[in-house]
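Chains: A, B, C, D, E and F, in written order; residue numbering restarts at 1 for each.
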Amino acid sequence: MEELKLIMDGKRLDGRGFDELRPIKIEVGVLKRADGSCYLEMGRNKVMAAVYGPREVHPKHLADPSKAIVRYRYNMAPFSVEERKRPGPDRRSVEISKVSREALETIIMTEMFPRSAVDIFVEILQADAGSRTACLNAASVALVDAGIPMKGIVTSVAVAKVDGQIVLDPMKEEDNYGEADMPFAFVIRNGKIESIALLQMDGNMTRDEVKQGLELAKKGAMEIYQLQREAIMKKYRTEEEEE
Amino acid sequence: MPEDILVDIRRDYVLSKLRDGERIDGRKLDEFRKIEIKTNVIEKAEGSALVKLGDTQVMVGIKMQPGEPYPDTPDRGVIITNAELVPLASPTFEPGPPDEGSIELARVVDRGIRESKAINLEKLCIEEGEKVWIIFIDIHALDDDGNLMDASALAAISALLTTTVPAEKFELGDDYPLPVRNLPVSVTSLLVGERILVDPTRDEMSVGNNFVTMITDQDDNFVGMQKSGTFLLSEEKFYELMDVSIEKARQIREILKDI
Amino acid sequence: MEELKLIMDGKRLDGRGFDELRPIKIEVGVLKRADGSCYLEMGRNKVMAAVYGPREVHPKHLADPSKAIVRYRYNMAPFSVEERKRPGPDRRSVEISKVSREALETIIMTEMFPRSAVDIFVEILQADAGSRTACLNAASVALVDAGIPMKGIVTSVAVAKVDGQIVLDPMKEEDNYGEADMPFAFVIRNGKIESIALLQMDGNMTRDEVKQGLELAKKGAMEIYQLQREAIMKKYRTEEEEE
Amino acid sequence: MPEDILVDIRRDYVLSKLRDGERIDGRKLDEFRKIEIKTNVIEKAEGSALVKLGDTQVMVGIKMQPGEPYPDTPDRGVIITNAELVPLASPTFEPGPPDEGSIELARVVDRGIRESKAINLEKLCIEEGEKVWIIFIDIHALDDDGNLMDASALAAISALLTTTVPAEKFELGDDYPLPVRNLPVSVTSLLVGERILVDPTRDEMSVGNNFVTMITDQDDNFVGMQKSGTFLLSEEKFYELMDVSIEKARQIREILKDI
Amino acid sequence: MEELKLIMDGKRLDGRGFDELRPIKIEVGVLKRADGSCYLEMGRNKVMAAVYGPREVHPKHLADPSKAIVRYRYNMAPFSVEERKRPGPDRRSVEISKVSREALETIIMTEMFPRSAVDIFVEILQADAGSRTACLNAASVALVDAGIPMKGIVTSVAVAKVDGQIVLDPMKEEDNYGEADMPFAFVIRNGKIESIALLQMDGNMTRDEVKQGLELAKKGAMEIYQLQREAIMKKYRTEEEEE
Amino acid sequence: MPEDILVDIRRDYVLSKLRDGERIDGRKLDEFRKIEIKTNVIEKAEGSALVKLGDTQVMVGIKMQPGEPYPDTPDRGVIITNAELVPLASPTFEPGPPDEGSIELARVVDRGIRESKAINLEKLCIEEGEKVWIIFIDIHALDDDGNLMDASALAAISALLTTTVPAEKFELGDDYPLPVRNLPVSVTSLLVGERILVDPTRDEMSVGNNFVTMITDQDDNFVGMQKSGTFLLSEEKFYELMDVSIEKARQIREILKDI
């Protein structure tokens, strides 16, 4: 394979600097049936999140008498990718659903709703690199929209190593041809990053590069957090105005 | 309040309004909800459309790739229609393989496209008997506030109207627009006693799943029909349904012509 | 494809007139284990229907406290068609099972048997055009044989548009190369057609052709109904004689 | 009356009759029920047979198509045997993928055909290593009044005896009869205490699922055996079973010779 | 196919006489989590058996109020055979699991543990001819190791017809190219073979050959039984010494 | 005693020891259990290893066969990693298709092998774009006494180190050793309050499934990380984990070098 130059003159293929996010668009409360919902674009990712709950658990034997169970389904529409994807979960979706659920479960006050379920469904309508982070950001907003009591908000972003450089929020080409990919999710509380809720990594990074990546991810997460907040507040403002 | 009591209350309300010839959202019996169509919403798809029918939302994406023709139609493209009623769209949908509801939805939408000969499949032959274009029509429900059928059919034909055959990607010459030559339109009605309610909402469906779907083409001919639900249909209502379906389809077809 | 002439000199390929049914053969009570059963041939269709019930529902959570549930399984034997069919339900069978169940459920007095199930199984041993109508006719007789209380009898037949002509009970070639296919099922009560229990259509028909088709279907259904009655009565006569 | 009480009553009745050496339907211990075989009942199949063994009914259909040989037998046809215990045939059968009962049934029937070399597979090679005839033996139970095993084995060999290789359909020359050169016959017995009951009915099976199936070929050699059920078999009974199986199979083979 | 000579000068391909077993190695109690376990080699077969129980039944509706249910899972590792095997049960495994379960269930005192389950899992790590017999021998020892009350011990071995000769414990080549294969399992009690617990056969054998095969199998089973006993006793001796 | 009470007792015991900085089996916080590796245990596999990590036992077998490359890497071999948590290995494992636990296990192990470029996939091309070697890495758990992750990763690389490419069997020239050029090592830690417990046992896991796995290569670079479990990780602990993972991996890598 010919060497692909992903960085030229200090700029990335799409003109971004190393520490810049892709454009983000967030809409809250876009679905009628769901208890909470959010449509989110992050670069070319287009995802829809819905939250149902707290509600009864089916099948019943899955219910936990001491707290709500949290379920998360990351699902790609067949038309969301270059080559049509066969419907239904594949191994990748199952892994992403697991780590995403674990990240969100840390902030949901599940002990307030014993024997019930909080179901989070995310549909990837168009996928680009970082779809799991886009989904987590959308899901987090949908949880707020559904009024689920939470100890903070989850905000997610990836960093990558590309042509030896650590960059924020990699797009498809950087993910495919870069040297490493590292998605994070953070818990943000009182406007500050408190801890890491999701951490994965694959590729090749030195200890220092990882450290550099974490710092960059935190910066990006704070920017996304502001957009999440604005979108939520905009909805509530609109609702108040309508009343 | 438990869900079944809510259903009872909703049904009583729908029925009491109907006794006065009114629908709970103020529509006329034969009136569709507001229709919004956005096309080309998914750049990675060969064609796509998001349809809003009131609060019901359905997205359809079209993917195309070369593949083998059916043995009995060696010179024609292949249509494969699939519907996913993902649990995001309704509290009653479950994850898992397609159930009878989503299979029926996909098959009726498919029939409308296929039987109206909306797509000129002869123009999708690459090499007779060896290679033709496969068209995947994927219906993805987003919000089910009733009448997914008509919303899906509308999204399907809208997405097809904006589909580009991705010939370049497969080194098969220049891209070209998918040859669409008919505009099938699906009209679904709910039967409540002697009344025919066109484009029923979720709340109206609380009185029962008594549906008839009729699909007509641009010559007002019928290309598909499906009675769906446990009820009996009188001959008289059958004829009435044909008339209303032709008329409503004509109106909706005007919207399609603007795509 | 070369144009196939399906109608010549006012006759169909098998010599039938436009309004003629294929030969029908009905045998009642042919299975020991089932509560009711019927073997039926309709042209080259050969189908076997069995009814079990009212009986306990498994799994239990499917039971309805207010009435019996009705289940219907349309299943094709692997050897029933030209090219061997893989065992198990396909999408076509699932759809046919659904609309057939809905047709029969309208006449079964389900409210008499709360918490129970009426199971109707139909095996297609040989398939030709119209197998769903043959199955419904067999199932209807099997329900009578099982002694299930009903408000009428369901009789089913299709019409087709072939070379521009509306014909009754199309066979394989007419189904494959015709312009439209329209299966009906009717509820017959006190010897008269009362209403439509199943209605599907695909192809291309004008409003008038549909009307013409319905009239033709009603005529055919009445003939089939007579054969269903005779078959049932023959069985009861035989049973009485044997006693 | 609940089903389990009925089973108890039935078992007591079967056992009390057996104490006098009698079976509830009056048969001798080593007597088969009446056998009826109808062949060529499904014209669309390459071969078919409906077998009635008393009230037990099994249909077998044979389909053939060209396909790839197994790598270790590049010059031989392939047999694929499948059994469906459809819920039509018994209140105890469930819809769904084959369970262990139907898998065992299919595999034992298959073994009888295969190990007796009933089909001359060498004559079913079309092009060595590339293309051979695949024979699908599909067992379809219609009414299970006991001993589906022997009924299925009998229907399978009967259907094969009337099978035509559909060469013309695949443009591979003239049709010809499937080369069958042996007549395996399965004999299943129920063991109740010291008694051996040949061809058990459903009612007799209420005493327990203690079966032994023995399949012999036309030279009275054994080609398949299967002990089925949670019970212990004495050496003495094992030898007795061999004798009775050879003898009964000879009788049944006479019927097959008339096909 | 060229004729393969499987017997030359009265010896088999691996030098064994007609009535000789392949080398056998048995280790008891090799797993920590299982209640009982056994690793066994029989020729090139390498199998691991584990027993769990008596324990609660899941799902509960499978429980039998009058006795323990016995479950048996014969499972081949993907790497256990020449060509990689797809994970999960195939038809062959399902049949072997059934007849093996039935063989072991005859000796387990299931009536002592109503509503519970005895689960027997056997993994085939490397397969050669006779893997079902190796598994049964391992399972039988694992049951003893788990302390499950039994009326005897099950010991299993196959015989084959090879070049017209009846031989004991056939290996792969004899199984593939021989004329018949006949696996047995016996119940041994008080040091004597009491009855047949598993019996299968395929191939072509005369009545006399079957008889000869049974006698040979009984001889082989007694030898295996001694090895099973020794392995069990060795473990208990070791445990006593350690105390 | 019911299982949940046992879990409570176990947790209390683990926690009370930890308060004194001790582990229940006497190990230091950053100490692995005893590691035993046996290779070439399955002759029919192209490579194999049995790893014991204390009482945890995992077997990995490698199978190789020619197959098609991925379209985007036409000149490289293909790795397929699969894990089966068979019910033999733990009372909590169920038969059936892989659940999320076994999928995560397989994918993390796969990532370590793949991202460290441990296998020189370019040397596994047979014919560009047509045929390459497929490597199946099958993880078979035998006894789960905790930390299957590290045991599986260790067994996988050990098995690969002893794998022979079976070229002769497929008539593709002489057999040759699989080209392995890196030694990824996985280190999994359990987080309990402020403590980091390397290589946790089953008993220690009773305090919660709070794991972080970090995989490093022979240059001490990170090639894979996975936080697994419902807990929050502080930045401080994250850096501590990186240090401990590098250090422990170095020690384990020494063992691998002796294979």
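By definition in this document, a contact is a pair of C-beta atoms (placed from the backbone, for glycine too) under 8 Å apart; a residue touches a chain by one contact, two chains touch by 3 or more.
Note that the coordinates shown come from a computational prediction; the quantities given were computed from them, not determined experimentally.
Asks: Supply the minimal count of touching-chain steps required to go from chain A to chain E.
Replies: The fewest steps needed to get from chain A to chain E is 2.
Asks: Hey, what chains does chain D share as contacts with chain F?
Replies: For chain D paired with chain F, the chains in contact with each are E, in label order.
Asks: Could you find the chain whose CA centre sits the greatest distance from that of chain A?
Replies: Centroid comparison gives D as the farthest chain from chain A.
Asks: Farthest chain from chain E, going by the mean of C-alpha atoms per chain?
Replies: Measuring from the centre of chain E, the most distant chain centre belongs to B.
Asks: Determine the centre-to-centre distance between chain A and chain C, using the mean Cα coordinates as centres, and give it in whole Å.
Replies: A distance of 52 Å separates the two centres.
Asks: Between chain C and chain D, what is the gap in Å from one C-alpha centre to the other?
Replies: Measuring from centre to centre gives 32 Å for this pair.
Asks: Between chain D and chain E, what is the gap in Å from one C-alpha centre to the other?
Replies: Roughly 27 Å, centre to centre.
Asks: When the C-alpha atoms of chain C and chain F are each averaged to a single point, how far apart are the two points in Å?
Replies: Centres of chain C and chain F (C-alpha means) sit 58 Å apart.
Asks: Considering chain E alone, which of its residues make contact with at least two other chains?
Replies: Where chain E is concerned, no single residue meets two or more other chains.
Asks: Of all residues in chain B, which are in touch with two or more distinct other chains?
Replies: 98 - these are the residues of chain B that touch more than one other chain.
Asks: Make each chain a node and each touching pair an edge, then name the shape: line, ring, star, complete, other.
Replies: ring
Asks: Along chain A, where are the residues that touch chain B in the complex?
Replies: The touching residues are 31-34, 44, 46, 48-50, 52, 55, 73, 75, 77-84, 87-89, 119, 121-123, 125-127.
Asks: For the complex, give me every residue of chain F touching chain A.
Replies: Residues 98, 100, 103-104, 106-107, 111, 114-116, 212, 217, 220-235, 238-239, 242-243, 246 of chain F touch chain A in their complex.
Asks: In the complex of these two chains, what residues of chain D are touching chain C?
Replies: Those in contact with chain C are residues 41-45, 48, 55, 57, 59, 61-63, 65, 82, 84, 86-91, 95, 97-98, 136, 138, 140, 142-145, 202.
Asks: For a test of understanding, state which residues of chain A touch chain F in their complex under the given definition.
Replies: 91-92, 94-95, 97-99, 102, 105-106, 180, 182, 187, 194-207, 210-211, 214
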